[in-house]
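Below, chain A partners chain B and then partners chain C, in two separate complexes.
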Partner chain A sequence: MNIIETHDLTKYYGKSKGIEDVNITVKQGEIYGFIGPNGAGKSTTIRTLLGLIFPTRGSAKIFGKDCIEKGHEVRRSIGYLPSEIFYYDRMKVRDLLNYSASFFEGDYTNRINELSEAMELDLNRKIEDLSYGNKKKVGIVQGLLHKPKLIMLDEPTGGLDPLMQKQFFNLIREENRQGATIFFSSHILSEVQQLCHRVAIIKDGSIIQVEDITTLQKNNYKKIMIKGENLSKRPFDLKGITNLTLDNNTLKFFFKGDINQVKEKLQPYKIEDLLIEDPTLEEIFMHYYE
Partner chain B sequence: MNIFIREMRDHRKGFIIWSVVILVFMVMAFVEFEAYYDNPEMAEILDNMPRGMLEAFGMYGANLTTINGYMSIVALYLYIMLGIFAVLLGNNIIGKEERDKTGEFLMSMPIKRYRILISKVAAAVANCFFLTLVAGAGIAISVNRYNPDWENVKYILQLLLATFLIQMIFLSLGLLIAASAKAFKKSSAISVTLVIVTYIISVIQSLSDSVEFLKYFTPFKYYQASEILKNDGFQGIYLVLTLLIVFLALFGVFFVYPRRDMKL
Partner chain C sequence: MNIYKFEFKTYWKSFTLWSLGIIALQIIMMIFYPTMARDAQMMDLIMENYPEELLQAMGLGEHVSLATVLGYYTFVFVFVQLLIGVQSAYYGCHFLSIEEREHTADFLFAKPVTRRRILIEKYLAAFTILLLTSLVVTASTFISIELFSDGREYEIGPLILLLFTVPIFQLFFFSIGMLVTVGTKRIRSVISYALGFGFGLYVLNAFRSIVGGEFLGFFTPYYHFEPSYILMEGSIPVGRAIISISMILLAHGITYFAYLKRNIRAQ
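So, the complex of A and B:
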């Protein structure tokens, strides 16, 4: 069963384009990555699915129901974590979470306590006194407290320290294991790779590719920078190396393939510095789709 | 119900501040009344003042030496103050969700927007009603020592009802402005301007007979205190107009807001 299904979903803000003809399907039980640079239309897509804004054209179904017409029903089973958290400043964390719970049938006191413990969240503080990261934690607890079947995360890791991030990912994996479908938007490739099964790449408001995460990893470029004396371009004229530049004793290139090949070529040189990193998303867009 | 309670709590602080201001105003107004009460000399001084000035402050033709005459002037200030309260409240209760970006939370809850609106409107009406009661309490405390008779009490109750109805007009317009405005900052400025402009229209209308028709464009004329005193009640046409404005404005709110893109 498809949890999310969009048909030519399009949103214009006046004349400026938000998203155009977005067609995605998210299957039950998936962790679906939604990746793209800032301003690509990730939040626009999510907000349209949630009925915060209305599509200019096209439609979307969640749990098989129209997300605008039946929005209030659909949202009973959605947990949403926005990229920036804004709550009623003067409320205490506990009151805010209880208020959120009051929109759903049932008693969620235990669940609130469990989640807060997992995220090390102090329930007695006022929202306005919380740091960015702590607000994020409130958002996480608030988004998950009603055991949603679909969890929508919009750039969720910003402001969380690495330890909390790990804890959060564990929480998300656990929810997924128990049957929740996850829609995970991010501009950070590595965290999407870490968590997701399938990834849609969005750029300038359009989906340019939907891939299995394994495929994406297989095609994984590395960005390599070597600093050292007497380096020259010639030995590095290998298959799998692109965008080779030599400048100021620094050799830079993208590489896809067996890293041992590069290692061998480096043998004769005395290296001052070596950096191998994941390319940024922009760089992937530029080279991956040539 | 949860949203209603939330809104009542959220506006409690503002409500208390407004209550204090209105009570202080009432006490001060009636300290002043001491100088006028049963004092024919004062009446004479006022009679010699230029008509334009008296009209502007709603004092023309009022006998300030009696409770009812004095109340007819106090009423105007009550209308303006509580009118501003209502228009700001209406504007704020809708606009704050986008101003504070809390709409992202509230609108992603499993509830239809019109139900959110119902709770918000109910909370706003309740706030207006209670503030009218506070004003009434302030008047009761202040007037009590002048031994008011039934005619005084009746007139004060009429003025309070008028105050509440004026609040309903401005509240519904404040809601409508917030629901249709692009940005909150603009909408609150427009809202307050609305009260001031309608007040100025009412003054202009009093000063010149050639713009008689303007009386239909300002709620301050619908419930002009001196007219209520003269007619011993409200005029049907204005009650109909009040209902019409409130109904149309609310219709607009319930039409526009559920279709509105949250600006977050």
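So, the complex of A and C:
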């Protein structure tokens, strides 16, 4: 069954484009990554799915129901964690979570306590006194407390330290294991690679590609920077090397393939510095998806 | 009704402060009444020396005597109107735009509620506060007059009529506030709009009374519910009241449909 299904979903803000003809299908039980640079239209898509903004044309279904007309029914089973967390500052954490729970049928006191314990969140503090990371925890608890079937995360890891991030990913995996579908938006490739089964890549408001995470990993480009004397471009004219530049005794290029090939070519040179890193998403878009 | 309850609580502090302000204003101004009334002749002499236009602009026409209870209260009530005008415009603008200004929209609108329910519950919470404020105005009017009328007689009918207009007067400014919200993409400072409309429409009415004529009066509730008219004539100017109510209804209609289709923007 498809949990999310969009058809030519398009949103213009006046004349400026938010998203255009977005078609995605998220299946039940998936962790679906939604990746793109800032301003690509990730939040616009999510906000349209949640009914915060209205599409210019096209439609979207969640759980098989129209997400605008049946929005309030659909949202019963959605947990949403926005990218930036702001809450009614003067409230205590517990009061905010209770207010959040009051929108759903049933008693969620135990669940609030459980989640807060797992996230090490103090329920008796005022929200305005919380650090950014702790506010984020409040967001996580309020997004998960009603056991949603679909969890939407909009750049959820910003501001979390690595330890917390790991804890958070474990929590998400656990929810997924128990049957929740996850829609995970991010601009950081590595975290999407860690968590997701499938990824849609969005740029300038349009979906460029939808791929299994394993395919994406196979196309793993590395960004290599070598600094040293007497370097020249010619020996590096290999298959798998792109965007080769030499500037100021520094050689830069992208490489895909067996890294030993590069190692051999480096043998004769005296190297001052060597850097091998994952390209940023921007660079992938620029060089790989062109 | 969870949104209503939640919203209602958020107004308490603000409501208390405004109420104290209104009570203080009425009592402080009424304190001077006994002195003024005792030197009625002198007061009227002083008044005669003021240019007619200035008195008109302050809501004191030629037939208003500061020596009588209701005459003096006319003068007081103009300031009460200013206060509740600003307050109502503030609430009207505030209650619809707060989610966007304080970025709590992502919390509320992602909940399983319809846009309509959010609007109605939020509206009712603010409306309740307006009604409570009008009760405060009523109570503090009678208390301050009783305390400082110095035993002088006054007609209670016109006063009740005047107080009866308060909720409509409030709704007018409240409606303007709502219209501003649905008419703009992003609101930053609510208080500047509230002060602008509260004082602006007052100035418009003052200007109208100086230049004469009715036209400018159409746009300002300070004219629709002019205290000097209601207290001195003992009746509500029906035509003007109808204009006011029509504008309120129109604004409510526009707000309703615009808000249901409103794009709630991200930070």
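Heads up, the rule we're going with is that the second predicted complex is superposed on the first by the 289 of 290 C-alpha atoms of A that agree within 3 Å, B and C clash if a C-alpha of one lies under 4 Å from a C-alpha of the other, contacts with A are read in each partner's own complex, and residues count from 1 in each chain.
Keep this in mind: a residue touches a chain if its C-beta (ideal position, glycine included) is under 8 Å from a C-beta of that chain, and two chains touch if they have at least 3 such contacts.
Just so you know, these numbers come straight off a predicted model, no measurement behind them.
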Fit or clash between chain C and chain B when superposed on chain A: clash
- prompt: After lining up the shared chain so the two structures overlap, which partner does A:L50 touch, if you call chain B first and chain C second: first, second, both or neither?
  reply: both
Message: Taking the superposition on A as described, I'd like to know which of chain B and chain C A:E73 touches: first, second, both or neither.
response: both
Task: Check the residue A:Y132 against both partner chains and state whether it touches chain B (first), chain C (second), both, or neither.
output: neither
- prompt: What is the shared patch of chain A, the residues that chain B and chain C both contact?
  reply: 13, 47, 50-54, 71-76, 78, 80, 82, 84, 86-89, 99-100, 102-104, 142
Statement: chain A residues touching chain C in their complex are 13, 43, 47, 50-54, 71-76, 78, 80, 82, 84, 86-89, 99-100, 102-104, 142
Message: Touching residues of chain C toward chain A in the complex: what are they?
response: 2, 6, 10, 102-107, 109-115, 117, 261, 263-267
Of all residues in chain A, those that touch chain B in their complex: 13, 47, 50-54, 71-76, 78, 80, 82, 84, 86-90, 99-100, 102-104, 142
Field: In the complex, chain B residues that touch chain A
entry: 2, 6, 10, 100-105, 107-112, 259, 261-262, 264
